[in-house]
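These are the structures in question, set out in turn.
The following pair of complexes shares a single chain, chain A, combined with chain B in the former and chain C in the latter.
Presenting the complex of A and B:
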């Protein structure tokens, strides 16, 4: 198993290098000069501005040949040093850590809620396949799945946030959150995360419940289910003890494929709800030509995707003894 | 991910029903000026017949559009047909008699008899912008998906046919593209092109080809040892010929299904990019842009949110219906 994991990690290296290399070139060949964004607008005189820009460029290491800069960047990247943000001079590593935690919190909560909905709903639909519950859920999922997340976000903001005024929808906490006592502050964060969390959750819940349904329905026609029924096991026992565990194995793959997307942050949703996570960070960095942040964020996203798929394959093999490492 | 979520539709789901919504949206996109324009579809002016909205619709058509010209007085941007045309003379107006970019006196008004869906923050008619937004969405959706399909088929076919190190290399490329955020690619493309429909099409086409590529690769790997492929190879057919003439037709059916769902995805990405301000630039009517201005005006005019939301939802549903039907047909054909 360890040999397999190591080999997979080894194959991840070229993919990682390819992604960061392409990002590096795109970022540096792209339009807009970060020194111009930073120094150009504030200084009135053009000569002064040109001088300030040249100083900034050499300070930020933007004046060497591109390939040399890339190699230097990878060298620092291995030591987890992503440099400092052009925008506010903060350490990129600290920034990424903070933002990643906020996105991950939201994503994992959405995933757990989606699973809590999807597994029982999917199992029940499969147990009565073709019945009214199955069809109703199917139609609902079909409809929900056709609503893009940001469209749902706009609707929730306008209806729940603006017209009904039930929940806050901007940012991660109220302006006076700093003065609140511990529990109240958590409740405040939870209230702020409800709407954006719902937007992340519903497509997952819709997709996963159909997925669980199809898998459970397939498993229910297996011989060992008939055996269990013949032995007199109750419907519930057959469904949840005999059928469900086997039907859930493929779910690991799906979660593994969905997780990287969730963890790298939904850009539009985070901008829409002013949620200070990875997606928002990337968007701001792209708009400000904040090279170190863009590169750091894309490196982190690439690592998350690669580790996510690896973790799923390993988990899959751990859960199902029939799977062998090759 | 989109595909598997669609449930099996009822048995009564006929082809016509499955394709009708997509067809209606397509026609709406092609004939937008016939439904919403500030000039009549047909009218008499100074003793002659003119068809200004009809020719404007003609200009939207692919290829033909370059040849079609609007009649002289109606071509000028400052020509005000409502004021200039003789009210007694015959004129067939579009149902929404406003140009999508036309700025009227009332901004942020609610739905009324003159403005069916109200006006936006600059006083433009929302119904007209919604109809013309379909043109952008459908154009981007179809062209970007075709581009993605072409790239996907090419990469997948080469990887699946040749296998070995070619497959290894191309598989890494597919993997890397999946990890690659759409947002960065738009940066790269905007380095060469000014923001607009072409840039959006390129961004979507260059990022969304991976599912088709993986599909075609898997099909080709499966077919590589089939007797007819071996036979073709034995009588000395070139690799290109075997790929295109012998193997591709067999792999094309699932690709068509994937691409149908891909159109929905492309429409959603286009609207999202336009919402972020990175897609179709501001004065052009697009659903994403409308959603953005609704977002900025949500406290003063919440009614602006619904039209673009419903338009995007209906378009996605239309593609999913068509895709689900196609897939079902192919599945039963395969059995």
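Presenting the complex of A and C:
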């Protein structure tokens, strides 16, 4: 297993280089000049503006051959130095660290809640396959899955945030959060994250419920389940001890595939809820042609995908003794 | 009787509250000035403002966006200010005297002797001189600050509180050319020695995010992506602003901002035309807020490429024909909900050089057709489009169809609708227009490089008509914002006359002449003038509208207040 993991990590390096190389070229060859975004045309004279742009390009290292620039960027990446933002000069590592933490907090919480809902609901639906509960849950899941997240977001803001005033819907914390003691501050953050978290959670819960339901239903028809029943195991024991663990194995793969998307942030939701996460950071960086931030975020996403899929594969092997990697 | 458990459904059935109570527009209480009796004022309250995006920098030398300007007006005081009537005047809080020489080539500005920065250090003439030298340093990207400051040939301190300016030319705009941002030399001087750009090194970046100003508010914190907090500087008097704190919330989405206002999270937000007309008439809005509507000096237009890349626009008759095909009344009614007005040409009607006549192009498809016929663009009876034989560079003639692409900026909610109305009317006169939506930075770059056929744009007139130089003078084709490439000896002469003339009536005559020349040549088709549309919480007072909106003039936000409960 360790050899497998090391081999995967080893092959992850060229994969990472390929992803970042393609991203680097797309970003640098795409339309829009970051120096123009920053220096523009109105510094009094076009000659000066042109000089200012040329100086910025040189300062930002944009005036050499592309391949050379890429190699320099990779060299800095290895030292976890992603450079400084073209837009505000801040360290890209610091910006990414802050934003990623906020998005990860939200994404992981949404995932955990989705699983806490999907597993029991899916299992019960499978246990009563064809019955009113199964059909009702199925209808609800398909219905929820069909609602776009931004529509649900607006509905939650209007009803829960504005009309009922049950929860805040703007930003990550109250204006006076800085003065709150530790636990109160966390509660404040939690309250601010509930509505946007719900928008991230519900389509995932709907999809995973159906996934769990179908897998459990398939497992319940296996011989060993019939044996367990014949041996006098209760319905609950058959479902939760014998069937569910085996049915959940494929769920690991689904989670592994969903995680990168969750951790990249959801731009529309973050804009609607003014949540300062990775989605908004990336969107603003693209609009501003902030190459260091775009490349840093892409590198981070690549690492998350590679490590995420490796973790899922290793968990799979740990959970299922029949799976052995060589 | 509705059972309690179903009562909540009533909330869902009341979309934004039914239109039972309309929010007042321009209620008198909104404009009540800050009272002398400060006991009426809630002096410990917080003003929650909305900004669409984060500031680009809190270094006033580097600032250039409208969002940046919101902070600049609160964190710093300048010797010259612009009031709500769009008049420049000396700021008595900073300067005691400004005297110009008789030949208008030099001036002396005297500062008050008791000026301080927020960190307690004295503000002296050396700070002014240092700031000007930084602005004029080519290594500093002072894209906004340099405008006007570049008309100063030299600037030296004559003692701790006197600055001597020497101007490059004798211009009536020289007094406000001395209106440039001032930064503390004792902080930015060492930073500039290490990093002349003031934007690259760690210390420069720190200063750019933790500014030290001299205005009524000082910086507290900037939470990335969330908010910027300012607090009242208690040492600032004359006059002391009302709010203890001002918190700028970053809310990119207009819908979310309106909902935030209605739920009391913020105290003000600009409104789109649709929001003003259709989304603020419900009970929920009326309970929480009021609306402001006032004249603005933002003009929307279509710019035609006159650089030779689009043969269709080479003839002024064609451009005038296209102008006659714009149904402005319909556009105002359908797209702008009747809130905008027809543009009055280069200068707004309310400006010192504005005229009351319309921009000239009345909607008349018959006149449009006649002008196109006159210019040689004849309709083909088979397909209905207009064509003309054009001589190509190789001497061969080719048959060109009257067709062009109108570039639209991404993110504009109204430009596509305006284009659609225009497109339908152009089709009736045999001209084919297609549209292309471009992402903002690409849109700007293409305009700058002249890489377009026509584009939909907007500009906001400044307080002085000399701003028109940057748009219409032939040197501004390669040296400013004259993206269309317009070049007219008559326009150049009038602009030069207006720039150099001190006598107000002669200046006005020159600029009215310019407006007439531009109306005839029609390098732009002026469409509509946009008003100021804003929403405020019901308890807001002290607001004063200006053509730049309620906040970007003096005293602006400093004069806002809330009644003490």
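Here are some notes:
One rule holds in what follows: the second predicted complex is superposed on the first by the 322 of 326 C-alpha atoms of A that agree within 3 Å, B and C clash if a C-alpha of one lies under 4 Å from a C-alpha of the other, contacts with A are read in each partner's own complex, and residues count from 1 in each chain.
Quick note on the criterion: contacts are C-beta pairs under 8 Å (C-beta built on N, C-alpha and C of every residue); 3 or more make two chains touch, one makes a residue touch a chain.
Since the model is a prediction, treat every value here as computed from it, not as a measurement.
Three-chain overlay on chain A, with chain B and chain C in a clash. Once the two complexes are laid over each other on the shared chain, residue contacts for A:156 go to neither chain B nor chain C. In the superposition on chain A, no contact is made by A:217 with either chain B or chain C. Of the two partner chains, neither chain B nor chain C is touched by A:293.
Judged by the touch definition given at the top, the superposed model places A:272 against both chain B and chain C.
Contact with neither chain B nor chain C is seen for A:114 once the two complexes are overlaid on the shared chain.
Contacts of A:201 after superposition: neither chain B nor chain C is touched. Contact with chain C, but none with chain B, is seen for A:284 once the two complexes are overlaid on the shared chain.
Remark: of the candidate stretches 201-209, 273-281 or 471-479 in chain C, the one overlapping chain B after superposition on chain A is 273-281. Common to the chain B and chain C contact sets on chain A are residues 31, 154, 157-158, 162-163, 271-272.
Chain A makes touch with chain B in their complex at residues 11, 14-15, 18-19, 22-23, 26-27, 29-31, 135, 138-139, 141-143, 145-148, 150-151, 154-155, 157-158, 162-163, 206-207, 210-211, 214, 257-258, 260, 264, 267-268, 271-272, 282-283, 286, 294, 298, 301-302, 305-306.
Across the complex, chain A is touched by residues 1-2, 4-8, 10, 172-173, 175-176, 178-181, 183-185, 187-188, 190-191, 264, 268, 271-272, 275-276, 291, 294-295, 298-299, 302, 305-306, 309, 312-313, 316-317, 320 of chain B.
By the touch rule above, chain C contacts chain A in their complex via residues 8, 11-12, 16, 46, 48, 53-54, 56-57, 64, 138-139, 141-144, 146-147, 150, 197, 199-200, 204-205, 208-209, 221, 223-227, 229, 247, 249-253, 255-256, 259-260, 262-263, 265, 284, 439-442, 444-445, 448, 470, 478-481. Residues of chain A that touch chain C in their complex: 31-33, 36-49, 51-52, 55-56, 59, 84, 87-90, 95, 98-99, 154, 157-159, 161-165, 168-173, 175, 178, 271-274, 276-277, 280-281, 284, 287-289.
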